[in-house]
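Structures are listed in the sections that come next.
Here come two complexes built around chain A, the first alongside chain B, the second alongside chain C.
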Partner chain A sequence: MSAAPVQSAGVVVGRAEEAARMVASRKRWDRFFMIGGAVLSFLCIAVLAVLVADLVRDAWPRLEWGFLTRDQSNDAEQAGIKTAILGTGLVMLVTAVTAIPLGIAAGIYLEEYAKKNWFTTIIEINIANLAGVPSIIWGLMALGLLVYGLKTGQSILTAGLTLGLLVLPIVIVATRESIRSIPQGIREASFACGASRLQTVRYHILPYSMSGVLTGCIIAMSRAIGETAPLVTIGALAYITSVPAVPFSEKAWPLEAVATRAVQVDAPIETGASGGVMQFRIELPDETPGAKKHAVVKATRDVTIPAGASAAQVGEAIEATPDLTARLDSTGLLRVENEQFGGIVLGKDTSGVAAALAMKQEGGRHGPLDWLSSSFTVLPIQVFDWVSRPQQNFQINAAAAGVVLVMVTLVMNGVAIFLRVRLRKRLQW
Partner chain B sequence: MTSANVSNLQVGNAGDRQRAVEVVVPTHGRDVSGTIAAVDSRAASSSQSASLVKAEVRGLDFYYGKFHALKNLNLAIYDKKITALIGPSGCGKSTLLRCFNRMHDLYPDTKYSGEIVLHPDGLNLVGPGIDPITVRMRISMVFQKPNPFPKSIFENVAFGPRLRGIKGKDALEAEVQRALKGAALWEECKDRLQDNAYRLSGGQQQRLCIARALASDPEVILFDEPTSALDPVATLRIEELMRELREKVTIIVVTHNMHQASRVSDYTAFMYLGELVEYGETPQIFQRPKKTMTEEYISGRFG
Partner chain C sequence: MAEPIAQPASAPQASGVSTPVRARIDRRSVPISERVIEFGLFLAGASGVLVTVLIVGTLVYEAVGYFREVPILDFLTGTSWGPQFVPASHGVLPLIAGTLVTTLVALLVAVPVGTIVALWLSEYAPTKLRESVKPVLELLSAVPTVVFGYFALLFVIPILQTMFGWVGYELGGFNMLGAGLVMGIMIVPYVASLSEDAMRAVPKSLREGAYAMGATKFQTCVQVVFPAALSGITAAYILAVSRALGETMIVVVAAGGQPNFTMDPLQQAQTLTAYIASVAKGDLPVGSIGYRAIFAVGLTLLVMTLFFNVGGHWLRQRYKEAY
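On to the complex of A and B.
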């Protein structure tokens, strides 16, 4: 009779031991994962920190305010990233203005309006796929559709639209996710009060999804800001001396076409206007053509062309300048030649020059949106350009521009996190 | 056929928003199929005067896709009374309730047939040409889970009036105050109108939702298990409030709780599998049910 309790007590003891064993084993695993996870996280952060520190060390000599505000130059120490910052800012503006409203509208449409049918299913699948398309493909698309098709040129507009399309899926997906997190009860409450679909979106859906939407927009922008490949594809320039057309500013000589061609043969031309006279400053490299890409400037020559000059007069003016000869070649291009660095092409039949002169005579100011068709460079392309130069000095510039780019993206992501935390705090259901 | 039972529809004073139609029902509520289950108010000792009908459900069928959720329902909702819908889970109480404010229109593949006629003007709430928004402007709803907007208390209540084009701080404040008083919430939150609604307790949130429903100045308020997420004290306050609201509006309440139905309601409809089994004055349903199924349900033998 007394055996039964002892026996059952034995069972209990056995169970307790087993339970203790199980608990101990689980605790071991817990510790294992905790330590492993901590080590891995630390490693990730350490690698990142080392990379950033290395970049900053490389960039150190250039990390001063002037670097941000100086124009481009062939002298690494004199070169700054003003044009790249301006270009990045303006391209991002176009990207934001196109991608954000379109993306939010599309997200709202898909979540709140679209009926579930094969058509919307196809749209949804495509949006998911678009987010995964390599960015170079977007560049090719933009080249064919915008540059060649719609003739938007190698401009800020083209770049902004390209990047806008590139990040559109990100904005759409973020908007949809954010909208989906709003409980259905909130929608029903709004409708039950007599609100229309539009009023429900306007007063509830949009405000309550704002934190997610804004976060998505910022993530989209920080993705766009670092994109290089599609911009190279559509022909962004590394070397830009002119700032984009400032709204309502006085028109300068539209000689970008001329300068572009000059750059192609490594002889940068700076152009400027004074009165009714056009001036080229042609910098003569001290090395033979094609030997090195970015040669050191040896001499400059100013060419002064009177207003309203004909092609022949332009030619004469160039001829009159020491070391330079001008001729129309067999294809009708005006070639400027120099014994040392060979030829540069100024333009077909001097049409660029003639147009410039005609425009200058008209006078006038830029329209508010003329900057859209300006050529541009952006930070990543500037980095890319400098990195590809052989001189050590330009590597420092590249590192410094890289630091600026990293800072900008870090700040954007910081803002995204801040917004998410701040706006989410007010939302609870 | 339908008008045979509900006869002599007498329209009250023209222009009076609260007017309703007097119904003289010669017999007891008959069998559910085919006729309107109206209650002979003169025969029932508990009612003081002849009840007016606020809404009539006539031959209502409702489908979720192919699923036939409501089957040929007929019943009269009495003006400024509380009508409770009871029945086991899934019998279609919420579905019926949500027909009254066309909530089903928000979702695809739903279909109404039959009529819900709102008196005094005879608007068919589920008529194909009727805009759900015009329906919801007159009939508001309180949901099972308190669902205030994540905005201030003030903005929650002001939403309905704003939708109706009321502008100006003073006018809106007056509306908000009236609604909050109506929902017995004014004293508790008159000093914190700008606080986020989610800082209120669950019971207060539900009363805020009632205030929001009241601010639209509705003719009918629909309650879908309004206390199922609340504690007993908050539940009692809501029930008390519903009794007070009965002075001004017609109330239809879905409830899972038999005691609640018997405590609060004037009329009770018992539903089962999408059909109306029995409808009558609440004391009659609970004390002298005519159908054995009703009796089994209210005595807790199934459901």
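On to the complex of A and C.
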């Protein structure tokens, strides 16, 4: 009888101790997680810092003004990113012209005009899904539809349109979110004053949502600047020595200097003393194992084609050159091929070659929009091309171009974040 | 934009007290110019649908041409990939294996780290700190992926090589582990940012209930906030998966250039995306089997992404809790 209470007291004491231990352990876990979470969060930020620092350290020998203003070159130390910066600028121009008006218009439609019906639902689901489509798929779409379907070629126009459509969902979502934060009362007040829906949008909705839309556009453009995969897929070339066709400037050589993985064509060297001889040089790389892509030049082949040559004559001239064959591919492009290294596209077509030769002699001028069909290179393509080369020297270049690219995107995102934070503070409806 | 519609006579009237959403307008009173602009806006809205149709159409069109020559069963079950070689082999499994391995490595980094960072930001971090840490974290996701590729190849993999050297393993200069790790780091901000939004949307009363029962912050995190936000967190994970599946530049730079049917992350291998990027450089002859193969691979990737998205949507619906 007397043993029971003693025992239960013992149990109570035991339980209290156990509870205290439990609380202590829980608190330990709590503290552990608090510190662990903080460490992990700052580790992530540290990764960003390490990434930038590593890039800058690797790039150090190239970080000078000349790197930005020099032309492309096969010599790493002489190579610069002038054409890449120009290409990025022009491609972004096309992207902005495509994505921004279309995105804002779509956002306005969905928020202000769309009725609640099945089609609107489809559009909404669709935009949400588009944002999740891998970027390389956009490249495939552009390759099949634009490059070969509409024959826009591997041009600034193709690249700009592709990236423009790719970032379209970002602009649409940003526009919608920004418009949705405008209170209903604003619209009602505008209607009450007799404004039409369009006037309401034009004088109230659009101005009030402008900073949110702007933030979205900046984010979209910074995403487009760094996007590489779709451009690789459509065949953007890293080795571009000429700047895109400047409006109203004298027409450059019509044959595009196109380089592919294996073979590089320098732009036609000269028009020739006789005033119409076309010459170009094809460099055949040395194919030693392990250095397959960008190895040293082993041999060159010079092809000379007389002015006004017919398609057959151009073909003959190329066929007469050792190791080279010529053919028209299914898209009507003249391809010069080498058994070992594959083919390169030379010009639009053989008759075009002849016609363009004549044009050169006449001194034609570029139209205002000719640059759209120029071939191009952009910063991320340049980084990709250089980083895939085995030589140490080119990897320095890759790092340097990477520094420029990262700086541009970080600054753009920084501005966007700043705008967003300021906006949240200022706009209290 | 000119405003020819400003005359009061033609201005439409909002009839009666408008509902909170839309004012009802008699269509006939809307001037023609305004209706034209309205139609233009509609076209812009519908452009997204058009783009989807174009994407799917292009992929399916070329892929159908491919599958006319290659039986679809061989494509899906073959273990060797090399449509451009002689003799050609058309089994996509090596590319799928590469994609799954790199994705898995990336998720093993991004999911735990992202979730912990999100919990910490939402539950532990002081407001001021959170307001400054989160934007900086988001900057990490703004770095172009090709730069991450550089980082993987020339910074992370050499470190891994040294570390594996200590245990006597010779790690190759290209491997899926390094590429996957960096991909994971790249995805952390997405997971953290979206999960944190979901966690912050959990009502305060739930936390207060937990605290009232004597729970610690950690217990509240794990047993209350996390389950309550699970729907949103799942959405974040799904986004992470589709990002990892579709990521191209990191794997094409750092994971290697040969298809390799293996599940070993220490090996080099090619993913679906890397194959497309390394082969499609604009010099494949149109209509050739190699050209069509990249569209078949692209379609495979799109279907995989779609599968995870639909699955994720279903999961989200299951865990959805309304408060």
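By our rule, the second predicted complex is superposed on the first by the 282 of 429 C-alpha atoms of A that agree within 3 Å, B and C clash if a C-alpha of one lies under 4 Å from a C-alpha of the other, contacts with A are read in each partner's own complex, and residues count from 1 in each chain.
As a working rule, contacts are C-beta pairs under 8 Å (C-beta built on N, C-alpha and C of every residue); 3 or more make two chains touch, one makes a residue touch a chain.
From a predicted model like this one, the values you see are computed outputs, not experimental measurements.
Once the two complexes are laid over each other on the shared chain, residue contacts for A:204 go to chain B alone; chain C is not touched. Look at A:33: by the touch rule set out above, it reaches chain C but stays clear of chain B.
By the touch criterion stated above, A:192 is placed in contact with chain B and with chain C alike. Touch counts on chain A: comparing chain C and chain B, the chain ahead is C. Touch criterion not met for A:14: it reaches neither chain B nor chain C. In the superposition on chain A, contact is made by A:123 with chain C only, not with chain B. In the superposed model, A:183 lies in contact with chain B only, and not with chain C. The contact surfaces that chain B and chain C form on chain A in the two complexes overlap at residues 187-188, 191-192, 194-196, 199.
Listing the residues of chain B that touch chain A in their complex gives 101, 103, 106, 108, 132-133, 136-137, 140-141, 143, 145, 147-150, 159-160, 163-164, 196, 198, 209, 212-213, 216. Considering their complex, residues 115-116, 183, 185-196, 199, 203-204, 208, 426-429 of chain A touch chain B.
Per the touch definition, chain C reaches chain A in the complex via residues 1, 3, 5-6, 8, 11-14, 18, 20-21, 23, 25, 30-31, 34, 37-38, 40-42, 44-49, 51-52, 54-55, 58-59, 61-62, 113, 116-117, 119-121, 124-125, 131, 133, 135-140, 142-151, 153-155, 185, 188-189, 192, 216-219, 221, 239, 242, 245-249, 252-253, 273, 276-277, 280-283, 285-287, 294-295, 298, 301-302, 305-306, 309. Within the complex, the chain A residues that touch chain C are 26-27, 29-30, 33-34, 36-38, 40-42, 44-45, 47-48, 50-51, 54-55, 58, 101-103, 105-106, 108-110, 113-114, 119, 122-123, 126-127, 129-130, 132-141, 143-145, 147-149, 154, 165, 168-169, 172, 184, 187-188, 191-192, 194-199, 202, 222-223, 225-229, 232-237, 260-261, 329-331, 342-345, 380, 383-384, 387-388, 395, 398-399, 402, 405-406, 409-410, 412-414, 417, 421.
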